[in-house]
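Below, each structure is written out as structure tokens.
The same chain A turns up in both complexes below, where it pairs with chain B and then with chain C.
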Partner chain A sequence: MVEKFFQDHERKMPRDSLITSENDKRSKRKRAKSKQETSRRENNEEEEAQLTGGKGTKARKDIRNEKTRRMEKEEVREVDENIDEGKKKQGSTKKGEKKEDGGKQLVKEKARDIKKKKHKKAETSSEPETSEEDDDEEEDNDKDVVRPECLSPEELEKLKEAVDERKKLIQSLRGKPWPMKKKLVTLRESQEFVEKYEGALGKGKGRKLYAYKVLMTKKWMKFQRDFENFKTACIPWEMKIKEIESHFGSSVASYFIFLRWMYGINMILFGLTFGLVMVPEALMGRPYGSMPRKTVPRAEEASAMDFAVLWDFGGYAQYSVLFYGYYNNQRTVGWLKFRMPLSYFLVGVGTVAYSYMVVIRTMARNANESGVGDDNSFNFSWKMFTSWDYLIGNAETADNKFASITTSFKEAILEEQENHKDDNIHLTRFLRVLANFLVLCCLAGSGYLIYFVVRRSQKFALDGLENHTWWERNEVNMVMSLLGMFCPMLFDVISTLENYHPRVALQWQLGRIFALFLGNLYTFIIALMDEINLKRKEEKVVKFNITMWEASLYNGTVLENSTAPPVTIHPADVPRGPCWETMVGQEFVRLIISDTMTTYITLLIGDFLRAVLVRFLNYCWCWDLEAGFPSYSEFDVSGNVLGLIFNQGMIWMGSFYAPCLPALNVIRLHVSMYLQCWAVMCCNVPQERVFKASGSNNFYMAMLLVILFLSTLPAIYTIVSIPPSFDCGPFSGKNRMFDVIHETLESDFPPWFSKVFSYASNPGLVLPFILLMVLAIYYLQSTSKSYREANVELKKKLQMQNEENKRKNKRAALKAQMDLEEARKTAQEQQRNNNASVQDQEVYCVSELSDSWMKMRLSRK
Partner chain B sequence: MGTTASQLSKESLSEYQELTFLTKQEILLAHKRFTELLEKHEKEQIDARVPKGRIITLPELKSNPFKERICQVFSTSEQKDGSLTFEDFLDLLSAFSDSATLEIKSHYAFRIFDFDDDGTLDCADLEKLVNCLTGETNDAKLSSTEMKQLISNILEESDIDKDGTVNLSEFQHVISRSPDFVSSFKIVL
Partner chain C sequence: MVSPAIALAFLPLLLTLIIRYRYFFVLFYRAVLIRIWKDCVTGLSREERAFQYVLTHATPGDPDSILDTFDVWCSKVEFISNIGPKKGKILDRLLMEHSPLTVLELGAHCGYSTVRIARSLPLGARLYSIEMDQRNAAIAEKVIRLAGFDDDTVELIVNPSDEVIPQLRSDYNLERLDFVFMDHWKKCYLPDLQMLEGSGLLGKGSIILADNVLFPGAPKFLRYIRKSGLYEWKIHRAMLEYSKGIRDGMAELVYQGIK
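Showing the complex of A and B:
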């Protein structure tokens, strides 16, 4: 009976204390615990064992401490009763006491073990009792664990909470700036706690389920961690990039990270085109030589295997899965009934859609990460506290960094000193206008050059390529690559005229190169369009000729007898149209190849050869080559990134007509990863102006997005508005390429579906939908605008409050100072009055005052 | 990897993973690098200390102007000599790792910049910091007026309670707004 009553109480009391103090004290207690945890844990276990023996089974075993324990418990009970009586009164005060207890707890805990063993009796005031109970509460938990059946749901809840809290602690432990030893101790202790109590939560079936759940989450966590490890182990070139990062700082590394990201995207594009287009056609489509579009024509057969022809992607390369023209327009291929033309079309659309999605998602993530980086309120402090790049592990880079930090300090100070003192503004303006004029001239000139060259090459093509030299055949690509190589240098020279701040100058430079590349690309595309039109005219003629040819063929043999077997003609002899799609694909592939070649060759000559010459000629040269004029080359991050972006643009543009492009690009990126890593490490010097990477990251992404948009534009235009060739490619015979969707809908889906689709796609439904989307965009934009405004408003408010706080603090500080002085004065007076005890008083007084002052300041803060 | 892996027990490895922002590979690599720094007879000891002089020869720290401060801050040595145990070393790498939070990074950054360990950044600390950042060469140094101006500007910006020093919360406030602190406060092995 007594036992039972006592049990109830014991369970009740700690519960209260659990709510109030457990949370407050946990952290403090943990610290105390960690110190003596080992000894205590042993003790705890001992106690637990005792308690289970004593209470759980009620079998009174002869344990040494049993008696003392009982006595103690009775004591507790007495106090409990006391508290019960005065509960309402004490309820509130107790909490306060307990909070205050927190500090004392530390000491108490230490003393506790001893206290227990001594079974001290003389506790009458309620305060020590509460702490005692607090101490007991864990043992109560221990008991609860042992007999989970007798736990009420609330208690379970609490225990669960405690366990969850521990878990949280374990999770957050790594984010705590403690030395490892402390963290280790806390971790071990918390884990033990969790393990001990976790299994005990829940009842009967629920308990089992809970235990199972816990086990599974544990396993899952472990799996996740392993998976995380596995993932990081799978990231390619991680070590290489880190090495570069440590030598050249984060900006150079950002290029390589970008390159790797690009590689990933291209891998997926390659997977799509290779797996869904090239392989099915190669395996299941009609084999080579079975039909005219899959055979090298008779006239080219002799040279079809020549390396020069293959290098130009003519001959056998042209009549292979690598290009659009090879694909057959049969609706299904193989025993899988694979819908080839549909797959071709969807993959083309899918690559573009996927690229959009990835680029935009990355941009959004970057924007989130960078957050609000536009306020300039901590200009100096940021320069001071965050300008060092801790990744730098190379002495030379470090020197450059020192120099750039110093100049940035000096610049900032100068800027601060003479805010806007531009003495010769007219000259600068004139020079800037002149520079822009020169750049425009360059751009126009390069555009015209490309147009001219493309035109000329068309003429050559009409004459027949065999009559011309290698240069004349490859003129277009070479000119484009050379322009891309030399114009940026020219821009660099011109930009020295402008006298911009280097960051602004870099942006101008990037913008100009971007414009140049874009201009070149679009001139190329326009020229290509001309060529497409020419080919289509040619196609008409050929088509007419073919009908004539067929007519003449059938005229002689099967005019009357239409059931007779048709004449067999070797597919190589069949006349065929020019197939403009393959031509476009070939142009792009050639462009990519020549671009890659020029990149590699400039890398080898411009970087490697230069480095070798500078290194070894330095012994026998008039001036110091390493420090003087040629020097070693720097790694040009922005130029390289731009090159990469444009290369990707060409891939996006051309991959519809040449499915091999992603594969080529993957190879290119792979090689250039190794080559550039090697080149950077062995023959480049760190940049003189080491600038940070993070700011420009989204800038590159934005450019990529622009390029993506601009490169899908012509591709989509050709797909939508130009009818496909009549005798080559998966869409031959159709009026437009996208008719394949229609065809699939009609023949592969049930009629109701195509009906629904046709209803859904009629303008009456599409237009409102578009309208709705526009409205949604408008709505979102206006809300985001209002949020931004609210943000600005809040910022202002914060600033105002800040100022006010500053003023208040100043006033408070002044007042406190005055008080302090007054106190000193009074103290001195007192000193005069009685010399005996003054000093103590003064010290006390002053400390009191300064204390209050500190408190005031803290509360202000 | 074989020998190093055997030295780190599985339990402690998983504990270290739990307590740091490092992955398993990174911890193993750190262990390898750390044991390379130890002398022969020390390799068997579990909590062997590597003196500061040898730590700062690591290529990752060699050209860092704050290398000595970094050792000092992460050292748990009682003699305050900046020597590191393996656990201290892991703490260091964890704080400087890619995935560490802004909070912990800024905490340690503050302690690194607090040259006299008094818990605030005062004028002397800031001056030392500027000198560290501008390098040892004399021509790069700022003149005293420039220095004064710079420090007063910094205090103007970040000393919110106007007590002439920058304390931890002020420092974290400033740092948390910076766009590129997290990306540059990194050291990788």
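Showing the complex of A and C:
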């Protein structure tokens, strides 16, 4: 092949003049060559010997034999080199003759080559294919002969070009209109060629360098692949999630991916609160017992270490860095002059801001990925080509998926049919309305129940909680958890009425549970608000009492001895306010704990215990428990996702008053990751209707955003409108919590900065700025809308073009067919004419024969 | 003391369970409660009541009419777990397609499925129907005769299936079973199948149809056919007879033999 290529480029002789072969000349030359071959270069000796052996026989047998031809070429080349080297074994005339011969030979080769190329392009028959392969094999045989050392720079250049050409061929092979077999063959050949001669492109040192480079690229590729593997191994729980995905389809996996994402967010929130609030206070703030707010009051001291108290986050847990009340309002702590109150405030704001940023960014990214897909236009094509979930690796799930695809096809066909006759649509509509009505009833009922319970608990609180049983004390939490657990089941049952596609049904279900949870959450918050107001009233009384108490204290001392040092009172004995912030924090922490417990217990009872019972009772039960009545549970994607989202909402709401909440949540998420992965793999069965949930992630995100907004509302409301407690927390003594900013601006920044800030916060500047932002948002939105429209237009255009092309092609094909038919017809006609003439002749003959025969018979007669 | 509010919170769960498993409750009511009550009131067995109804309402000698009457009785009056009209269509189709000459039915009960099979058999085919209960067998006999099938077409064997199957070859001179229909005790599906395999009556292409493999269900049977590799099998998913919401299925097995 190599030779072919430099022949192509070297010799530009007219082709037709050289095709005539001069056999005798060549044979003569060969004989001469065989003599000559004994004195070859050392490195080629062995191969040459073989060649002579082969040639001696073959050349005589058939001169046109390809192999021999190739050998001859080889020889010619070598002869040329010999000449270059100045060897004197041959006469000059002979040399010239040979050269000429060789040249002819080569050009012939080239001609053959061109023909071959033509064949390749035209792709008419398979004949040249086989011959080509033969050629290649033969080239393989004598490839060792071609050593890069013995190539001239020009030849090298050609070789390089050839290699490049091959590479190009490999790249463009995919787009060529060849049959697959031919493609494969060509690909293999080209790859072999490139591999063989690429290394040969450098001489000596260069070659080594090249080999080294190749080696290094291979190593680099391998390293990259390993690194990719390593990276995936580094993504936490990736393998677990993949396994689940393979067993349960992507809808279940999407929950776990969401859980992991949430875990990441919480890690950062935890890092912020832990690193900037809890640790500085614990290390540099005043120690426990130095102030009233940092000590357990005398009355609670006896029971402060009891487990029941600690479990309720009272006692020592309450008077620790875990809660708002423990923090001191001193402006700077420690030798670093760490601004504790400022840091507390900024971290509180920062966590929320960070969450907003992350959620919105993720949403935007997801929206980009999802792109603009119109699912309606090619319903069946979409179903045909995209309905398989390639991540499934479990036979049972695959069966389910198979079944679901078939059913979806059936349904789609039915839908298509029903599109034409829509008499049933009223029933469906009625059922959907009915379902929504039922769900609304449920929501109202649960809302009323929670309201009732909260009112009752307020009554209990007024009576004093000690007089009531555990059930009554925990009634609110219990009822909320139970409703949160059972109502979604009811919704699920009701939603079967509606007959939606499971993906749509999932979204409806999510929306309903969302409404339920939101109702619960807001009832809880309203109850909390009531309690805050109660506490603030109490605080007023306490404040008055304290001033009285202090006055009496000082009065007493003053009366006794005016010079005596002021009485030192143990901080545990100092009367103190109720500190509503800590109360709020405690409530949230309790809620999170009880929520977590409910989740885990439901998991263990509803999934694990059920699975165990079904599995082992099945041996001695009168019907099939596994396939029939209780069966194994399915993984409840919507409920779990919403549980996660609302949990996160509570974290956002409560973390300002209880800095320990992100830490708790991280632990919870970590545990539930493992627990749920285990539970899913061991006690759940794949959903009956496995569906792809690639688009649902953004739905989750949207809900998360809504919850984030709704949960920051009450937090911001309390921060802005309620004055902080007077004797606990980092903002004690201030009128509002955000006063800490003013304070910092005044005392820590140069005066011009605060001036600038005050100007900037002037409503006259802020309002135009907001207006500008709104305008910008409007502008961006309208441009994106127009882009979308343009996209749709482009898509339509593409479609049109495609159709046009198709039509054109069809027309061309039709024309070709017509031409072909015409040609065939003419050919047939010609044949017929020929036949007719032949027949005429035959008829003539026959008639003559019969004539003669008749004559004979007549004559006989 | 649990407060009423917490008890009320369990209401959605209760509702959910009732709605989700309503078909099972209905089935329980129809198949168990009504049956016990009627047994006490009439003093007849359920099958006898069914036969009386059929006798009074169906046209004698017309299998279709008898089957229809049975369906009406089972869906309107009481419940008997026959194969039912919908799954029966699958059975009919299979029989039509393969037109087997020797058919074995395990569990005739009160003759519904026997009539159903017998009416779609080709000429010269013979159906062996096994029923272990004496009283049911008597009723099945009457129903079969009422439908107009004689001893040449349908042979009713009153014995437990596990006793009959090993003797089929010797007592009834059977060489090969083309079609086996299983609708007796779900626990017996697997042992009977294995017995059939052991008896050598199954040849390549013999079809075994097992009803009610999902509800009440024969999990061991399904597990076995999945593993054994002797069969090409599939499950026809359908609903339980005379009931709308309970899933059930029929397993169709084609014996392939040891390859």
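Criterion: the second predicted complex is superposed on the first by the 524 of 861 C-alpha atoms of A that agree within 3 Å, B and C clash if a C-alpha of one lies under 4 Å from a C-alpha of the other, contacts with A are read in each partner's own complex, and residues count from 1 in each chain.
Criterion: a residue touches a chain if its C-beta (ideal position, glycine included) is under 8 Å from a C-beta of that chain, and two chains touch if they have at least 3 such contacts.
Everything quoted here is computed from the prediction, not taken from an experiment.
Residue contacts after overlaying the shared chain place A:490 against chain C, while chain B stays out of touching range.
In the superposition on chain A, contact of A:233 is made with chain B only, not with chain C.
Using the contact criterion defined above for the overlaid structures, shared-chain residue A:453 touches chain C, although it does not reach chain B. Chain A is touched at more residues by one of its partners, and among chain B and chain C that partner is B. Contacts of A:181 after superposition: chain B is touched, whereas chain C is not reached.
In the superposed model, A:624 lies in contact with chain C only, and not with chain B.
Residue ranges on chain A touching chain C, taken from their complex, read 442, 446, 449, 452-453, 456, 469, 471-472, 475, 478-479, 482-483, 485-487, 489-490, 492-494, 618, 622-624, 626-629. On the chain B side of its complex with chain A, the touching residues are 15, 17-21, 23-25, 59-66, 76, 87-88, 90-91, 94-96, 100-101, 103-104, 107-109, 113, 126, 129-130, 133-135, 137, 140-142, 146, 149-150, 153-154, 156-158, 160-162, 169, 171, 174-175, 177-181, 183-188. Residue ranges of chain A in contact with chain B, taken from their complex: 170, 173-177, 179-181, 183-184, 187-188, 225, 228-229, 232-233, 242, 245-246, 250, 370-373, 375, 377-382, 384-395, 397-399, 402-403, 405-406, 409-410, 412-413, 416-417, 692-695, 802, 805-806, 809-810, 813, 857, 860-861. Contact residues of chain C toward chain A in the complex are 1-3, 5-6, 8-13, 15-16, 19-21, 24, 186, 214-219.
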